[in-house]
Structure formats: structure tokens, C-alpha cells
Amino acid sequence: MTMIKFEDVNKWFGKLHVLKNINLQVEPGEVVVICGPSGSGKSTLIRCINRLEKFQKGKLIVDGTPLHDHGINLTKLRADIGFVFQQFHLYPHMTALQNVTLAPINVRKIKKKEATRLGRETLARVGLADKVDSHPAQLSGGQQQRVAIARGLAMNPKIMLFDEPTSALDPEMIGEVLDVMVQLAKEGITMCVVTHEMGFARQVAHRVIFMDEGQLVETGKPDQFFKNPQTDRAAQFISKILTH
Amino acid sequence: MLKGFNFRIILEYMPFFLEGLRNTFLISIVSIFLALIVGTIACACRLSRWKLLRGVSIAFIESIRSTPLLVQIYFFYFGLPTLGFRIPELQTGILALMLNSGAYIAEIIRAGITSVSTGQIEAGVSSGLSYFQRMRFIILPQALGVTVPPLLGQSIVLVKDSALLSLISVLELTRCGQVLTSERFMPTEAFFTVAFFYLCIYFCLKTLADWSQKKLIFREAY
Amino acid sequence: MMAFYLQRLLEIFPFFLKGLWMTVVVAGLGLSFATIFGFLLGIMRSSKKKLLTWPIGVYVFVIRGTPFVVQIFIIFFILPEWGIQLDAFPAAVLALSILGAAFICEIVAGGIKAVDQGQWEAATASGLSIFQQLRFVIVPQAMQTILPPLVGQYVLLIKDSSVVSVIGVVELTRVGWMTVVRIPEGLMVFSLVGILYFVISYPLIRVSNSLERRMAVQEVRL
């Protein structure tokens, strides 16, 4: 069964048409990278998947749940989706461990002892076993983002969504976060990643999707997409980011 | 609940209410004006280099801020006659209001002046500007923007504070309500009318204060 | 003569302490209820639903726009006309609670609005319910912004409690008012009253100031 299915999805912000006739399918275990110029609607697209954004027209089915219907169980939907923000948005008044265990305890209703064990495991998975009791203010940007990833993973989600996870990081910290994401991709979790990190896309993405002005312009396998873009806009975009 | 609300009585007493309203206006305007003077002087003393002036102003400001206005009003109302000063209630009330708001205004002005970042003052000093020039060109223009909204806020507080003067028999708006209640046993009509008038004043002042706040935010964008 | 009055004053000092205690009780109860209701209202006020924010907005406008003494008169004199007969003490606590809740509501709403929008999104994305989001993520962070003005509001409520003396509650100000009839030394009597108010307010003012300073330091560190 398809994990994520967009069918003719359209969204307007007032008069601005931000998503135009989006048709997209993501299979379980697929890693999809979405790229494009700023304002193209990439973030809006993935934010629709866990209902951080609503849309006006079209159908969106996530893990069997039709998001366009009323009365859907948002708690259950969001429990199964992990979301990593560009600005991390860790809870500053909690330790890394508390950040990671908050949702498992209160949403999945896991007992505290078990959740703590799970939390430690997940933090170890992202390489931060020694930072369990640190507060976000004591961690570097890269470490904070890894805690944010652990926070998503601790819920054992079916889908992990990443909204420009490395764009707010200093260059030397991007690597540690991408390494974690590569590891996750290899473990077979369904991932949608909005990013400009083409190295990551080449390594683990099954598909690269290029968006511009609210539309899905082109999609293809990473190698194919980067070496041989089919459309002019895609070609323009690729040349701009590669000359960085 | 409101059945039998006697509008006729209100109409009958309307000239009386309007006189009370007028007095509230006058008391508030005079008090705020005097309080500004008191506040400026107190603030200047508070920021001065001489320990004595600073000490006296701090003692004044802190005593006012730590004690209720009603106690301050009673202090003057019952206390001044014992010193031989036979001052009518209206002036006593204005004296208490002026000193009370003056203390708060002193702090508002002080906050405005200290809000100007030291970096700018250092730049002024480095350019060779004198104390007065720095005050005039750098500090006061910026402090003014920060000061006006809280000053309007204090005016609102003062209008409400003026209601306490009714307790020393000053004929302002609240007193009209008390008189109507004792003369005709109609507290509902009396105090709802009084409340309505206060809300009108509040609405005007608040709109002014919000508008000035918006203009201030624009200035902070620099 | 003065020495005679001073001696009499010291004799009835216990009476003042009783009044001080009554002030503490009335203000304490009032500010406790005000905090509970203020927080509830403030949380509702910060929501986006107009059905919730609008009635609360009207309530806050009316309470902040009318003098407390008028509110007390309304509760004490008008409620009996609608069948609710209250003694002076409960009426006083009720009036203070209503007054305090309106101001605390705005303080809490402001604190919640000051929390970064991203925190809401992160908590929502984890599947937490609105109640869980407020409890674990939003309100703990909002407390930083809320605490200093909240303590400041407590000081204001203690001072406002002096106004309940007009409906006969024998708290500190009323004691002073009753005393000055028998010991006509207004300055002495109300200085004593003022000092006693100072004793209970000043510690809170110091706490509020230090909280403000601590919060400012934290902001710089960010």
C-alpha cells in the first residue's frame, strides 16, 4: 500500500497559489528528496503530510488515512510521523532525554521506565549517548538537530519528514546530521527530505523531485536528475547550486 | 435583570452626573500636569550625582509605591489639619494624586532615559558632545518614544484613582453615584451610569495609548 | 499632647496588627483566586477562537476601565438587588478576585504569546494534545515572561485591598480610619498604617525587581 499519495492537491494562501495540482506517490521504504528554489512550496508540501498545513482542493492519503476528510484522528496520524524542523525547535526547558521521551510517555502512553530506556537507545543511535542530561543551550547546532531527529525516531514512526534540516547549521556540523540521516535511510524508513544537500541525495535517495512555483516540475533517479535534467528550470537550478 | 431600569431617574440626575464628570476631568487633567512636574523633578534627583538628592528621591518614590493611594489620601486629609493647614478636600485630593502619580512618572521617565543604549552615549561622548548636547540630540528624542505610551497608561490609572476622592467628599463622578444611591436608593442606576462614563473615558484614552504604541513600534525599527 | 497620643497609639497597636492580618487574609485569598482564574482565562485568551477571546476581552475591558471602588460598590450594593446578599468580607474577596483575574489574564496571555511559534509546531508534530502542549511545553516557558509582572500585580492587589475598607471590612486602612477619630493625629496614625503596608509590600517588590533582572539576563544569553 502506498505510504503517501497526493492526488491533484491544490493550496492557496489567500490569493497566492502555493501548491498547484500536486500528484505524488511515495512507497514504503522510499527516500524522496525534494528540492527547488525558495518559495517553491517544498516546505508547504511536506507540512501537509502531517497536517501542519491544510489544503483546499485535492486528496491526500497518508498511511491509509485520508487527510482531506473531516474527523480524522490527528493524534494517531502524527504519532506515526516524525518531523524535523529547520530551526530544531527543541524544548529549551527540558534535557535532551526529556525532549525525546515527552511524546512517547504522553502520546503513546509508554511507561516512564520503558520510555527512558527507549530514549537513551534512540539518543545513542544518533550518537549522543553522553548528552542525555544536557539542555539544548549546552549543545551545538548539529547536536541539537540530532536530538530533534531522535525526538522524532523515539515514536517509532512510519514516516520521517525533514524540512531543510541542515540549512540552519554551520558548515562543519552539517556532516554529522547527514550521517545520521544516511544511516536512517539505509535502515529502510520512509523519508521525505526537503534539502539542497545533493551529496545526500546522490547517496541514498531513491528519487529526487524538483519543485518550482508550486508545481512538481521534474522527478527522477538522483544520478539521472543531476547529470541529465529533462527540463530547463531544473537545469538552471542545478547549475546554480553546483557552482556554490 | 435589567427590567425596571429607571432611565427617567438618570435623566433627572443627568446635570448632576455631568457636573461630576466635568470635575473628574478637571481633577485628572490638573493632577496629571502637576504630576509630570513632580515626576520630572523626582527623576532628575534620582539620576543626579549627589547622594542626598538621590536618597531623598528614592525614599519618596519607594514610600509612594509601597503604600496604597487611599492611605496617602487619608494621610493628607487627616494629617494636614493637625499641622495647621486648613485645605479644602479638592486640593488635598489633588495633592495626593499629584504626589502619587508623580512617583510613578519619575520611574517611567527614568526607564525611558536608561533605555537609550550606552553605545550611543559613548558615540556621543567620542564625538565631543557635551552632556546637554547628548541629552538634547541623542537621549531625549529616543527616550520620548519609549516614555509616551506608559505615561498615557499612568493617565488612565490616575482617572481611576480620582474615584477615591469621593471618599473624602469631593464631588466627582463616583460621588454622584454615592449621592444618588443614598438619596433615591437606586444603586443599580447610579453605579451603572457612573461605570458607563468611566468606560467612555477609558475607551478614548486607551485608543490614544494604543495608537501611540503603534507609532512607537515603527520608530523602534530603526 | 503628642506624647499622649503616641502613647495611646502604642496601646492600641494590637488593633493595627489585627487589621494587618485581615489585609493579609483578604488580599491573600483574593490574589489566590485571581491567579487561578487569571491563568485559566489567560490560556483561553491566547487561543485563536473568537468565541473564547471576545467575551474575555469584554470582561477585561470593563474591569480595567472602571475604578475598583465603583466595582466594590456594584458588588456590595447592586448584587443584593438581584438576590445575592453578600457580607462585606466575601464581597471584598470576590471583588479583589475579579479585579486581579482580569489583569493576570492579560499577563498570562502575553506570556503565552511570547513563546516561539516553533514550540507549538514541534509539540503538535509529536502528536501531543493541546492540553499536553500547554502543560509540558508552552506554559513552563511562558512562566519566564509571566513571573515578574505577576508578582508586581500581587503588590498592586495588596494595595487595592485598602479600598475594601469602604464597605466596612476591618482591614488595615479601616483600622487607621477608625483610629483617627479617637486619636486625631492623622500624620502619626497613617504613617503607622503606611509603614505596615510597606512591611508587607516591599519584600514582594524586591522579588519582582530581581525576577525582572534575572529574566533580562537570560534574554541576553539567548
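Each chain gets a letter, A, B and C, in the order it is written, and its residues are counted from 1.
As a working rule, a contact is a pair of C-beta atoms (placed from the backbone, for glycine too) under 8 Å apart; a residue touches a chain by one contact, two chains touch by 3 or more.
Note that the coordinates shown come from a computational prediction; the quantities given were computed from them, not determined experimentally.
> Draw the chains as dots and join the ones that touch; what shape do you get: line, ring, star, complete or other?
Graph shape, chains as nodes and touching pairs as edges: a line.
> Chain with the smallest distance from its CA centroid to the overall CA centroid?
Taking the mean of all protein C-alpha atoms as reference, the closest chain is C.
> Using Cα averages as centroids, what's the distance between chain A and chain C in whole Å?
Result: the chain centres lie 47 Å from each other.
> In whole angstrom, what separates the CA-based centres of chain A and chain B?
Distance between chain centres: 55 Å.
> Could you grab the centroid distance between chain B and chain C? Build each centroid from C-alpha atoms only and quote it in angstrom.
Measuring from centre to centre gives 20 Å for this pair.
> Please output the residues of chain B touching chain C within their complex, sorted ascending.
Where chain B meets chain C, its residues are 1, 62-63, 65-72, 74-83, 160-164, 166-167, 174, 177-178, 181, 187-188, 191-192, 194-195, 198-199, 202-203, 206.
> Quick one: in the complex, what on chain C touches chain B?
Touching chain B: residues 61-62, 64-70, 73-74, 77-78, 81-82, 155, 159-163, 165-166, 173, 176-177, 180, 184-187, 189-191, 193-194, 197-198, 201-202, 205 of chain C.
> Please name which positions on chain A make contact with chain C in the complex.
Against chain C, the touching part of chain A is residues 50, 52, 74-79, 81-83, 85, 87, 89-93, 102-103, 106-107, 137, 148, 151-152, 155.
> Which residues of chain C touch chain A in the complex?
Counting only chain C, the residues touching chain A are 116, 118-119, 121-129, 132, 136-137, 140-141, 221.
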